[in-house]
Amino acid sequence: MINAFTILFCLTLIYLAVTTRLSTYVLILVLQGVLVAGVHLLAFFDNFAWSHLIVAGGVLLVRTVLIPFYITKIIRDLDMGHGDRTRRYHPGFLIQMAFIVIGAFVLSHQLSLLTPQTQINVVPFAAAIAGIAAGGLLIVRRKLLLAQVVGFLIIENGLFLLGLGIQSEMPWTIELAGLLDLFVLVFLMGIAMNHLKTHFPEGESDELTGLRD
Amino acid sequence: MIWFFVISLLLEALSFVMPAFVRESRRLNVAVNLLNATALLLGLTFSLSGLLVYQYVEYQIELPAAGPVVIGFDGLSLFFLFTFQLLSFAASLYAIGYLRDYIERGFSVRAHLSFFTLLIVAMQLVAILHNALAFLIAWEAMAVAAYFSIVFDQDREDVRRGGFWYFVATHASALLLFVCFLTLHEKTGSWNFNDFASYTGYDTQTLAIVLLTGMIGFGIKAGFMPFHAWLPNAHSAAPTHVSALLSAINIKAGIYGMARLMMILPALSAAYGWGLLAVSLVSAVLGVWYALAQHDIKRLLAYHSVENIGIIGLGLSVAWLGRCYALPELVVLGFAGALLHTLNHAIFKGLLFFGAGNVYQRAHSGNVENMGGFARVLPLTSATFLVGAISICGLPPFNGFASEFLVYKSFFRTADLLHGYAPLAMLVSAVGLAFMGGLAVACFTKLYGIVFLGVNRSGIAPQPQSEPASSNIPLLGLAGLCALLGIFPQIGLRLASPALNELANSAQAPVGWASPLAQLQIVFALFLALVAICYGLKRWWQSKAGVRVHETWGCGYARITFRMQYTASSFAEELVNLGRPMLAVGMKWKPISTILPTAEAFHSHCHDRMENGWLAFHGVIGRVLALFRWIQSGNIRHYVLYMFAALFFYLLCALVWN
Amino acid sequence: MELISSDPFSWLAYALFFAGAPLLTGFVNKLKARFSGRFGPTVFQPYYELFRLARKETIYSVHAGFISRLAPVIVLCTAAFAALFLPLGKTAAITFPGDLILFAYLLALGRFFQILAALDTAGGFEGMGASREARFAVFAEPIFFFTIGSLAIVTRSYSFTSILVGGISWSDPSFVVFVSVGLLSLFFLMMSECSRMPVDDPNTHLELTMIHEAMILDASGVDLMLYQYTASLKFLLYCVLAALLLNPFGVFGPAIGLVVFAMTLGGMAAGLALVETLMARFRLVLVPQFLLFATAIGLLNVLIFIRL
Amino acid sequence: MATIFILLILPLITSALSAWGRLARLRYWFTLLAGVTHLVASLYCLVTGINPFAPRSWLAVDPLAAFFLVILSHTFVLVTLYAPGFLQRMQGEEYARSRHWFYPALNFYLLANTLVLMVQQFAMIWVVIELTTFSLVPLMYFYRTKASLEAVWKYLFLVSLGLIFLFVGILFLGLAGRGWLDPSDFTVRNMTENSLRLDPLWLKASFIFVLVGLSAKIGLAPMHPGDVDATSNAPAPIAALMAGSLRSTAIAALLRFYQVIAHTEVRPFAQRLLVIAGLLSLAVAAVYMWRSRNYKRMLAYSSVEHLGIITLGIGIGGVALLGALLHLLFNSFGKTALFFMAGNIHQSYGTRKIESITGLLRRLPWSGFVWALAFFYIVGTPPFGIFFSEVLLLKGMIHFANWVPLVILLILLMTIFIGMGRSVLGMLQTPVATAELVPAPVEKFNFSHALALYAILLSVPLALFRPAALFDALRAIMTALGTTL
């Protein structure tokens, strides 16, 4: 069941490469939040403990409700709904994304062979690596600042999957602290976005090149 | 006797702090310099008595960072201490008169005086500290103090540039010395020179590293040819009393370092000796050739320092060969020539710079082209400058000759004792030394003739002005010393003998090696007597035959003007053209194009090929570094890309390296 | 090696040397006149010149200072003192190891003062003479050091007496080649130092052509006498040095030594007179090459000998 | 127990109190109180070496933490003392909100950094470092200009991204201990004790991710741009704080990981990585200091340079590690002094461009003098501290005979000296091009100069007389990091 969810997660990543609209980005974030929470629950289904429920609930709350809701609020305030239509659609992004996902699976498979004694389960680990790489690619390729924040959150989701992929089970307090951190970070980025809007109307990262030598 | 030295250091510390209390510049100038002079006088009595009745004395101060700091007064340290103190004493006295002119023009001398005192103290410390780390600390303190003393007239751009070049050069030499002393420290585990000397486990690789970094580090400071580019700019930028200190004794710190390295380290291979010989010869000949082409007095004298450093280097290289081939007589001769020439050069270079300072204050510019006829205005300066000029060319009655005589003698003795190509090399270096002597004669006849003799070339005769007493004492004192050490070279040797005994325990060298110097004394006495008698006879005969003064005979041409005299560039033009490949003379003038030409101007400047080389190298570094300015592109997406790239690179290293 | 030689015989030789200096110049002028078909002045003409100048009044330039008054004396004394090092008798008047260095530097001191005296008069022509003298003197010292220096190294002795009197062993034929080549470069040196024809024309008064004459253009009376006498003294000095170099028997050895010495002196003078009549003066630019040629001979000479 | 209270809870209380509007006047005194007591407590821990926390708890004050706590609190106290002078110069209306949030953020910064130094649980490190970033955002955004906004955005984004990589590194570290490691005891002490049982491949991967993650915070090349922009656009006291203490806290976190791998066979690989990172940062600093146009950016690159030297020292190991630790301490002194003087110059000239700063010695004699002294300090002229730490560094390099890094280091140090010297000495001495109409009042000796001079001169006795308290702690750290002196 976990593999199904992680494969779905990789599909959302590939879909990411196709769209440029911000609203679909938020949709993908919500979807990924649900998938990740599901994977978290399933991973520890056998030795059930209240802490897992709390963590899963926290993940669901933060990743699927709070953050996406906050981002849509930002989009509405700064009317950036259109996304960067300026760019014609270019297949290069899709090819790179596909290459990343495939590469992640191959790498994860090789690693599991290389270190048998740490028996990492291949698919979630591969999905995690793909998530991180995809988030990075999104940040580098897209010019919109908000797109870069979304890329950041996708890396965050990939990271969470990585934690599950190698079954390193963190004490729940740290998990929640991490989530709280993530929310505060997004919150701060939101405030910064409002201020940025006043100085940089376009909201594009190419405008932010004042500080160079 | 050590108390004399301690008191002198304390007095100098007091004069270092004094500018904070005394506000008014004129009184401050006199107070600080007089205090320095008295302190140095005390120091001189200590070092002189230390040299004459010699007994090795060592003191230890415990410093956790550098282990036991040894302050040793061995022969070499005392000799250099004596030289440093002597010239600092003269420079402090001279500074009183020189700075008075600047104070009237509204310069604040408070910071300058404290840095000047710090420079004097730091140089003395460099000579006596026998602990490598403490030596490096004193070395950098000397560099900083010298930098701020040079950059006194800050408003001029070339002064700032010259000062900065000096600072960069000394910092580079400090870094090299870092590596040299640290490798020694790493091997022997202690910072003190005598531990370095007593350690026997040096392998050739460490010795090679130590020698290379040490020699190049001290070579940069001494101003040997490829690294001399900073010297002319710094010395012409500094005010005269500082450039006198720099040229006379500051570069000698490099020579002291080399001599100390030679004492500490076992003789590795003769290649270093031959290398040093070649570099010194090139520095000597090219140094004086560049000097010939200069128009600014201080730059000319600075290039001459490079020449004299070359001569000292010749002495050192012979000493190094002596050590390699285990011929103590050569070591003694080489070091005697080097040390004596260090002392002599310090004296007459200081004298020349003080003379140049007096002329500079009257002419308000260093350019020799529009000078002339200063002998009538500055009689004492011109007489002492003449003595300095004769001794710097190494001409007989004065002290330059005694040390060059020793260097020649060491050449011929090396030619006797070593076989194979050594005699030929020695003959070539003797001829080089002679050739350089000829160039020096040409250079200083040009300088003295153009500046002091004839009629002023700018048309305005300089108005006679009284020479301040405080600057007369150093002039007369140093000129007297030139004569004294020239006619009685034994005195110089007597001062150097403690150092020579240690360097090569000269007891083994045949006793007679110093005998020709004794005979020189008698020969000079005879010569001076002959000159005096002939001069007396001539004056007596002329008074009988009649003497009259009349216009210069211009082969019948009636209206001779001051512009018909030979100028500095015309005097040296032919010789400078001979050195065409090394001496690039740039000329800027417009050919006469119109029938009725308006005012024409001709400007020629001899630029130093190696200095241009260093400037080009500086430009190349700038361009190479500019290639990488794209890193800080301002675009956040590039920064994220750098992060992923670094990650990928490190992961690659992990795969490759395990 | 005692410093001052006490044998009266050598003092006589020196007296003869100082008295006879102008005679050699007179003899060379006589020969030149003869070669160019003229009868020419008497051999003692230079003496008459000197006595005439001695009686004349000395005139100094308005701008001249102390240097102009002192220079003639120093030029004379340095040349005379340098002469004392040459072993005319059994040993030279003054000998000590390293006196060949003092010999060269004494002549340099004389030149130094002569150039300064020229510049002191603030005249255009004197400056020209001074600048040319300074330029050619630079090449004179290397030639001297090559020849005498290599001799010193080969004979392992460092004073004129030990080199010239005992040092040269005539038995070894290659040594003869070495000495004769050294003699040739000494001959070139003499032409440049004593301002003889190919380098400088002694009896011209055209402003732009003279070197030595230009420097003493403003000298008059006693000063001019001293300068003229020193010029002839230096000329004799170099000829004697060359003659001693060639003369295996020593000047006051067996009688034949004296005859050979006089003959070589005559030969040198004749050679010079021949060169002066046949050749015109070099262009100033070529003189450095001429002198460098002499240095090159010296270098080759040393190379050949030391390789042996 | 008292020390725990002072170190942790007091900063929390003071930050809350200073945030409360009504006690505006006392705000400065709360912060100063927190800072001074924090300094006393950390000195106490350093000297006595006791660990106030329970043996197996997630927080502990081991010698490493004590040493870095001293650096943090000392820099914090200096900055707090300098702050009022700075704030009353910033009386403009547009700074009202920034002034309001200045002191609370400062206290929160102290708390966050103390936590980072004391945390033993690896998983917590990531969260706590994130806190330090949050504490800095209001401080950096003080000027509210377009440039400072851009700097804050970049700093926030890049450092958070870096910390994500740090978390990946932590996960891999956990993975390396698969099998025997129980997650609740994932502490430094536990990991170091049985570090030999860790799987080397994952250990290597974890160190790589940790190094890349943290170098965004430390300011090592090639992740330095965010950090350089933030330091050069922050106000002077905050820039001093960042250059002095923030980077050393990040280095402390890096040392925590290094502590774990110090005893394993992965160590040579880690050392080589550190050497490469160090030399790269030195090279980047050399590139930008050769022709620098803005003196605050020049100081920021100087920090990149000195952090490069410190990382190089750690990478070389042995005596060089001792040199690196000393260099950290002395660098914090030097940087605070330099940034204070930069603040004075900026306040008097109003511009950051180097070529428009002329006649500094005539207009601000005291700032100019201390600026020059700080330049000589930071370039490593004796008798100041950096000279001695560089001697130890070079000694270590020569001891391990890695000549290539030594030659590269010397060349780069020389280039940086020329670049920085030209700018600094140029500022000091170039004459004023056009005499100002109204000559600015010549500056008198004030408190900021006293602070800067104190910081510089403090290094001389420390370096020369090597107080036993400090050096015993340093030796304890060295043994913890697996190097015997």
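A, B, C and D label the chains in the order they appear, each numbered from 1.
We adopt the following convention: a residue touches a chain if its C-beta (ideal position, glycine included) is under 8 Å from a C-beta of that chain, and two chains touch if they have at least 3 such contacts.
Owing to the predicted nature of the structure, the values given are computational and were not obtained by experimental measurement.
Interface comparison, A-B versus A-D: the higher number of contacting C-beta pairs is recorded for A-D.
Per-chain CA centroids place chain A at a distance of 100 Å from chain C. Between chain C and chain D the centroid-to-centroid distance comes to 79 Å (mean Cα coordinates, whole Å). Here the CA centre of chain A is 70 Å from the CA centre of chain B.
For this pair, chain A with chain D, the centres built from the Cα atoms lie 32 Å apart.
Along chain C, no residue makes contact with two or more other chains. Shown for chain A are the residues that touch two or more other chains, namely 139, 148, 208, 210-211, 213. Touching of two or more other chains is recorded for residues 153-154, 157, 161, 201, 288 of chain D.
All chain pairs that count as touching, in label order, are A-B, A-D, B-C, B-D.
Partner chain B is touched in their complex by these residues of chain D: 153-154, 157-158, 161-162, 165, 200-201, 204-205, 208-209, 211-212, 215-216, 221-223, 225-226, 228, 269, 272-273, 276, 283-284, 286-288, 290-291, 361, 376, 379, 381-383, 387-388, 390-391, 394-395, 398-399, 406, 410, 413-415, 417-418, 421-422, 425-426, 429-431, 463-466. By the touch criterion given at the top, residues 629, 632-637, 640-641, 644 of chain B touch chain A in their complex.
Every residue of chain A that touches chain B in the complex is listed here, in rising order: 136, 139-141, 143, 148, 205-206, 208-213. In the complex of the two chains, the chain B residues touching chain D come out as 63-65, 133, 136-137, 140-141, 144, 151, 154-155, 160, 164, 167-168, 171-172, 175, 178-179, 182-183, 185-186, 621-622, 625-626, 628-629, 631-632, 636, 639-640, 642-643, 645-647, 650-651, 653-654, 657-658.
By the touch criterion stated above, chain A contacts chain D in their complex at residues 114-115, 117-120, 132, 139, 145, 148, 152, 155-156, 159, 162-163, 166, 168-171, 174, 177-178, 181, 184-185, 188-189, 192, 195-196, 199-200, 208, 210-211, 213.
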